[in-house]
Amino acid sequence: MEKETVRMEGFSDAIFAIAITLLVLDLHMPEKNALTSSTTLINYLTAQWPSYLAFCISFFSIFIMWVNHHKLFKQIYSRNTAITFANGLILFFASVVSYPTGLLAQYFNTPSVNVVVAIYTGLFILINLSYLLLWHIASKNKTLLRPDINEAAIKKITLNYVYSLPVYIVAFGLSFTYPVVALILCICLWIYWALSSGKLEKEAA
Amino acid sequence: MEKETVRMEGFSDAIFAIAITLLVLDLHMPEKNALTSSTTLINYLTAQWPSYLAFCISFFSIFIMWVNHHKLFKQIYSRNTAITFANGLILFFASVVSYPTGLLAQYFNTPSVNVVVAIYTGLFILINLSYLLLWHIASKNKTLLRPDINEAAIKKITLNYVYSLPVYIVAFGLSFTYPVVALILCICLWIYWALSSGKLEKEAA
Amino acid sequence: MEKETVRMEGFSDAIFAIAITLLVLDLHMPEKNALTSSTTLINYLTAQWPSYLAFCISFFSIFIMWVNHHKLFKQIYSRNTAITFANGLILFFASVVSYPTGLLAQYFNTPSVNVVVAIYTGLFILINLSYLLLWHIASKNKTLLRPDINEAAIKKITLNYVYSLPVYIVAFGLSFTYPVVALILCICLWIYWALSSGKLEKEAA
Amino acid sequence: MEKETVRMEGFSDAIFAIAITLLVLDLHMPEKNALTSSTTLINYLTAQWPSYLAFCISFFSIFIMWVNHHKLFKQIYSRNTAITFANGLILFFASVVSYPTGLLAQYFNTPSVNVVVAIYTGLFILINLSYLLLWHIASKNKTLLRPDINEAAIKKITLNYVYSLPVYIVAFGLSFTYPVVALILCICLWIYWALSSGKLEKEAA
């Protein structure tokens, strides 16, 4: 059976790549001629640490989205309209990430921090749901999957997304009272995913 | 017969991907230090709803352009100069979409709404015509098409673009008096296309 | 013999696609709240015609660069360091095009028109030279080319770039006295290339 | 043995291509209507030479990163989680290059030149380390490599990155006292790499 999803994967890769690279446009430079001495430049740059932090978090969150996308499409061999549009939803959210990242960078040090962290974690609830939707569509119709996939591997992947959903919901809830804890929770989830992704792949193979 | 259009499809996919991802740059952030309290940030963001609406509409319209492009090139196997430049015209309009989208976002809540909706719907008339042109060139010369394509499938695809043209023209006409209705008409057409695309594919296969 | 240049072509296609799509960022929108009535919006947009003209010219000039690149790499099967860096030079100039395009858009209606047209036509002299360099490196070493290419096809491609060079040089010279004529000369060359590209391909095949 | 890294290479190529093309956004144009006569436009443009210099340096440094990436992945056939994330680190730094490039362009002519050159050369130390990490992971596990690679070729590639590290460290040290010398040292290293890359490839083949 030939893999039918090659062009869809190429298109998705391009969108992930552009979304991840556009993040750098949110790192602002001081206004021309506003600073003159070395000291003030260093001060300016170090005061921008929330921008650098937001950039790093968003870069690796989109990178992990891509890793996950790659992993799902190693199991998906055919496509239909539902797969196409569920994938479109994932790409929509991937291309949106840079906007809440910019808000996070700009308002992390202000009283609005809980609003921007809530928007940021809320987006990842939607991203998690869109991956669940894609995998739900693919896995309920065996003819779309890699012919030699087994039930255990399908269930393993499903559980991966089902388990992460409550983590994001807790992070969203925490963002109104402990926004920094909410962000750390998301980062921990991503590190767990990065470390466990090799294991999953081995079992699914 | 080998497919000759691989590099053309890759190039087109990249342009669709970039055009769709650049849309996010039209979502503006409040000026630095302009807002201090959480309430004013929320107020600022909710007041930006025309930007978010325009972003969603344009994202999915370019996504559907890509789905259509994908579908046409599943039938087109060879290329000539005319195909190359008709495809270039489609890519030209795809890369332009972000500009009327920005105008729509900025002027939706102003007395200029009919001008920006007319520009927006007018662009989709041109896009529809460029798809018709590409398919006209491809289908009048059978040697360019997939060898086992049948007449019914060719006609089906042609009708798809011929039927949508008057819808866009009506939307363009309405935009001067009922701009919101004109936009809704376009969105309905895209939803119809999304839902019917699976059916078309099955029949063309 | 296997084609070795696949990844280089993919990388080049991506750069052409991004360079061509970033051009739209040079189409500026009026300042927020600066215009209120429909008439002033239409006036603002029509006054921007040099931007739209520069956008169209640059879009199709990069598109033709891509068509030419595609055509050369249909003949080039192997690569070496010299090919890699001559190709890098072409990509460098392709990614630069948006800058003189922006200057052209902004200064076309001012006394500086001859400076910006000279920069614009000057860039295309450099682009022409970089294509000549790539083809010179490829064609002097037959082991890099498609095994079944014939001498006549090689010479045909060479002449294509040798003949266009004086046209660009004349356009560059004219830009100091008749800048509009210089631009029209470039556009005529591109139209000639577009129309003749099919013929070349047939003869080279 | 089939190459497993195709989608990872495509994704990496897209990020390199976008990172290299976004550099042009750092070339700023004069404010609209700020200049009127031809002389002042030429004066404005020539005063921007640090921007053009920084653009050229960064374009070719990312291009050489891509050439190196290409070369490594010609030897890497399989992937695991460690390879995926070491590659992610390289892409992270590639997408970051435009930010220190912008700083370099804006502060090259100011007393802050040593700060911006130190940031710039410091980034290339990190880039060198991330390539070393990727190659260390790949080369310590022979099952990830091209089956017919020999020890000498592996060692050759390792030495290439081990030797360049002290050059970058010296450049970083020099940037605090002789920033221009530090930049020239980096450029010399890149020219050496460009010239020697053909030789390496021949020996590794």
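Chains: A, B, C and D, in written order; residue numbering restarts at 1 for each.
Quick note on the criterion: a contact is a pair of C-beta atoms (placed from the backbone, for glycine too) under 8 Å apart; a residue touches a chain by one contact, two chains touch by 3 or more.
From a predicted model like this one, the values you see are computed outputs, not experimental measurements.
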Turning angle required so that chain A lies on chain D, C-alpha fit (0 to 180°, nearest 5): 90
Numbering shared by both copies at the chain C-chain B contact, with half separating same from different: different
Rounded Å distance between chain B and chain C, as computed from the means of their C-alpha atoms: 26
Where chain B and chain D are represented by their mean Cα positions, the distance between them in whole Å: 36
Residues within chain C bordering two or more other chains: 10, 14, 18, 22, 25
Chain B contact footprint on chain A (complex, rising order): 7-8, 10-11, 14-15, 18-19, 22, 25, 80-82, 84-85, 88, 91-92, 95-96, 98-99, 102-103, 106-107, 110-112, 114-116
Footprint of chain D on chain A - complex, ascending: 9-10, 13-14, 16-18, 20-25, 27, 29-30, 32, 35-38, 41-42, 56, 59-60, 63, 66-67, 70, 194-195, 197-198, 201
